[in-house]
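Chain IDs A, B, C and D follow the sequence of writing; residue 1 opens each chain.
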Amino acid sequence: MHRSKLLLVGGMLLGAAATAVYVNLPETNAMAQASAKPAEVISSKDISLDQAGAAVKAAVEKSKEINTKMDIAVVDAGGNLKAFVRMDGAWLGSIDIAQKKARTARYFDMNTGEIGKLSQPGGPLYNIEHSNGGLITFPGGVPIKAADGTIIGAIGVSGSTVENDHTVAAAGAAAIK
Amino acid sequence: MHRSKLLLVGGMLLGAAATAVYVNLPETNAMAQASAKPAEVISSKDISLDQAGAAVKAAVEKSKEINTKMDIAVVDAGGNLKAFVRMDGAWLGSIDIAQKKARTARYFDMNTGEIGKLSQPGGPLYNIEHSNGGLITFPGGVPIKAADGTIIGAIGVSGSTVENDHTVAAAGAAAIK
Amino acid sequence: MHRSKLLLVGGMLLGAAATAVYVNLPETNAMAQASAKPAEVISSKDISLDQAGAAVKAAVEKSKEINTKMDIAVVDAGGNLKAFVRMDGAWLGSIDIAQKKARTARYFDMNTGEIGKLSQPGGPLYNIEHSNGGLITFPGGVPIKAADGTIIGAIGVSGSTVENDHTVAAAGAAAIK
Amino acid sequence: MHRSKLLLVGGMLLGAAATAVYVNLPETNAMAQASAKPAEVISSKDISLDQAGAAVKAAVEKSKEINTKMDIAVVDAGGNLKAFVRMDGAWLGSIDIAQKKARTARYFDMNTGEIGKLSQPGGPLYNIEHSNGGLITFPGGVPIKAADGTIIGAIGVSGSTVENDHTVAAAGAAAIK
């Protein structure tokens, strides 16, 4: 089935709620099932520090390979900072941007550049950057996935052109499987 | 079922194999050298108050020469405020803008107006201003360099047209050699 | 009529005579030397990523040795984030605290716990924590020094008791020579 | 007449309104007099940059005399930054504190240390530091007065003990008459 990019975004945002019963406060459902069995917990996956370190290491290596100096941040499944490094000589202003890119990528489970396409003037997500204490919606933020496809975090890279930033972030994310 | 470009990007990121190594941050380089010698410090340069004062003085003189009233801020190599003056009658709103221009110029080691060219709608750095607690990306922020070219700080000027702001900031930065 | 101590203090401040001189900032010193030589730059030192990585590694090892889970942040000489790791299972709330401890230690060039002794009710620095976007003044932040004693950054650790936090931070700082 | 410190503070805060008619919205009064004469403007005084420069210069000289390194800020009658300098080697954390001290002194037209006496636990202004984006209520902030006693701004100094901070701030304020 073809779906437009715009609808896809909407669809993805609704994905988590797709199986939820309409206007049903969670405890109501749990209460109804109380005699049968307790409400079930969510089994989740999260990035480990070893994985975050591997992503950072791969990103630093890619950065050196293409002769750039980068700020590199990794957030976990909750969008919280897990690891960060600023290479010697990398921009000070990229400390915050790298973290915001990582957070933005995890907040919406897509590459930051994809959000930027939708946040232009006239676009459906115009000025979304004002939310969440400041988002960054140009390339350089990439979700990190576990082997089964579960998103377990994200990496954000800043310090060069947005193309280079994305290349380095993608290399970092690819180090995790 | 077709998978969207978005999902394909995510899939491509999972292509490469990687093995996580324990606490795999870039200090591995330092660790490898540990038995030989300790990790080396960076020898750097920073703007002195005498230099910052000379930059402010040159900026004030240029501002009077072109008949403007300016707020003038100087930050050091770390982006921290070193000196500030607001000329009599200069805009109150420029207190913050002058400081943000100085910081922005140092954060990315370029004139603020250059960043502004890239942060327009459709540009690669659209809405970068939302980062770092608020950037200013129109002209008036200029890096300050030592005689050997090392960036040791930046000056930010606000209070007139952006052309005048830049002229005054450039005059301030040029006072340092 | 008695004037209160408060008003007397104000009156005393008006006792000395002074004549304002045009743009009377400290660059006058630089100005006086202008014909002889330009104002001099400060030669400084800054922490390298290799050093920051070595500090993080030593802190993680100490943390495991004493059976704790820590958030560990390193800032450079300008107080800007250089490296950060959150050990698996470490408190989310310590992400910010570790960074604030590192920044606080560098902002005042002393262990954070020393500041905390002075910021208690009735103490000389009571409520200093309201400055700088939020300081942390209990133990766990320690300056990092180069071999010659120059402060080149700081490390902040949070995740356990303040005694343990300090122990781990001190181990991290001690890894740099 | 003796008045307690606490009542004095209250009295000072009410001073500006002492001659105003009780519960009388300003336009009501103006409207009643409209046929006779227009409502009168307030004649005010404000610190000039020359004066701010003189205060900074005197503060720097006093700081050197007592062998300290200070951050020095001057705000105008509106509490807005007029001038700032950070002496070489002065604490980074004092950039914000010096400005907050100056602003606090002008916001309440008294030395910051006087407010600190009232903001202790159990005191009448407990936790006033939470207001106005963060106040600093220990010594080092001093109002600046014109020759006729009008408060035209304030100076805030941070970088050493609070006693030294106050000494330097007082020297700066005394340079203005």
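In this section, a residue touches a chain if its C-beta (ideal position, glycine included) is under 8 Å from a C-beta of that chain, and two chains touch if they have at least 3 such contacts.
This one's a predicted model, so the numbers in the text were calculated from it and none came from an experiment.
S.K.: Could you tell me which chains are in contact with chain B and with chain D alike?
M.R.: Chains touching both chain B and chain D: C.
S.K.: What's the farthest chain from chain D if centres are computed as the mean of the Cα atoms?
M.R.: So the farthest one, by centre of C-alpha atoms, is A.
S.K.: Mind checking chain C against chain D and telling me if their interface is mostly the same residue numbers on each side, over half, or mostly different?
M.R.: Interface between chain C and chain D is built from largely different residues.
S.K.: Cα centroid separation between chain B and chain C, in whole Å?
M.R.: Result: the chain centres lie 22 Å from each other.
S.K.: Can you work out the whole-Å distance between the CA centroids of chain A and chain D?
M.R.: 46
S.K.: Please report how many Å separate the Cα centroid of chain A from that of chain B, as a whole number.
M.R.: Taking the mean C-alpha position of each chain, the two centres sit 26 Å apart.
S.K.: Provide the list of chain D residues touching at least two other chains, using ranges where the numbers run on.
M.R.: 48-49, 53, 83, 85, 87-88, 92
S.K.: Taking chains as nodes and touches as edges, what kind of graph is this: line, ring, star, complete or other?
M.R.: other
S.K.: According to the definition already given, which pairs of chains are in contact?
M.R.: Result for touching pairs of chains: A-B, A-C, B-C, B-D, C-D.
S.K.: Spell out the part of chain A that touches chain C in their complex, as residue ranges.
M.R.: 48-49, 52-53, 76, 78, 80-88, 92, 95
S.K.: Mind listing the chain C positions that touch chain D in their complex?
M.R.: 1-2, 4-6, 9-10, 12-26, 28, 42, 78-79, 104, 106-109, 121-122, 124-128, 130-133, 135
S.K.: So in the complex, the part of chain D that touches chain C is made up of which residues?
M.R.: Going by the criterion above, the answer is residues 1-3, 5, 8-9, 12, 48-51, 53-54, 56-58, 60, 83, 85, 87-88, 91-94, 96-97, 100, 110-111, 114, 116, 119-121, 127, 129-130, 134-139, 142-143, 145, 147, 149, 161-162, 170, 173-177.
S.K.: Hey, which residues of chain B end up touching chain C in the complex?
M.R.: 23, 25-31, 33-34, 38-54, 56-57, 60, 76-80, 83, 85, 146-147, 152, 176-177
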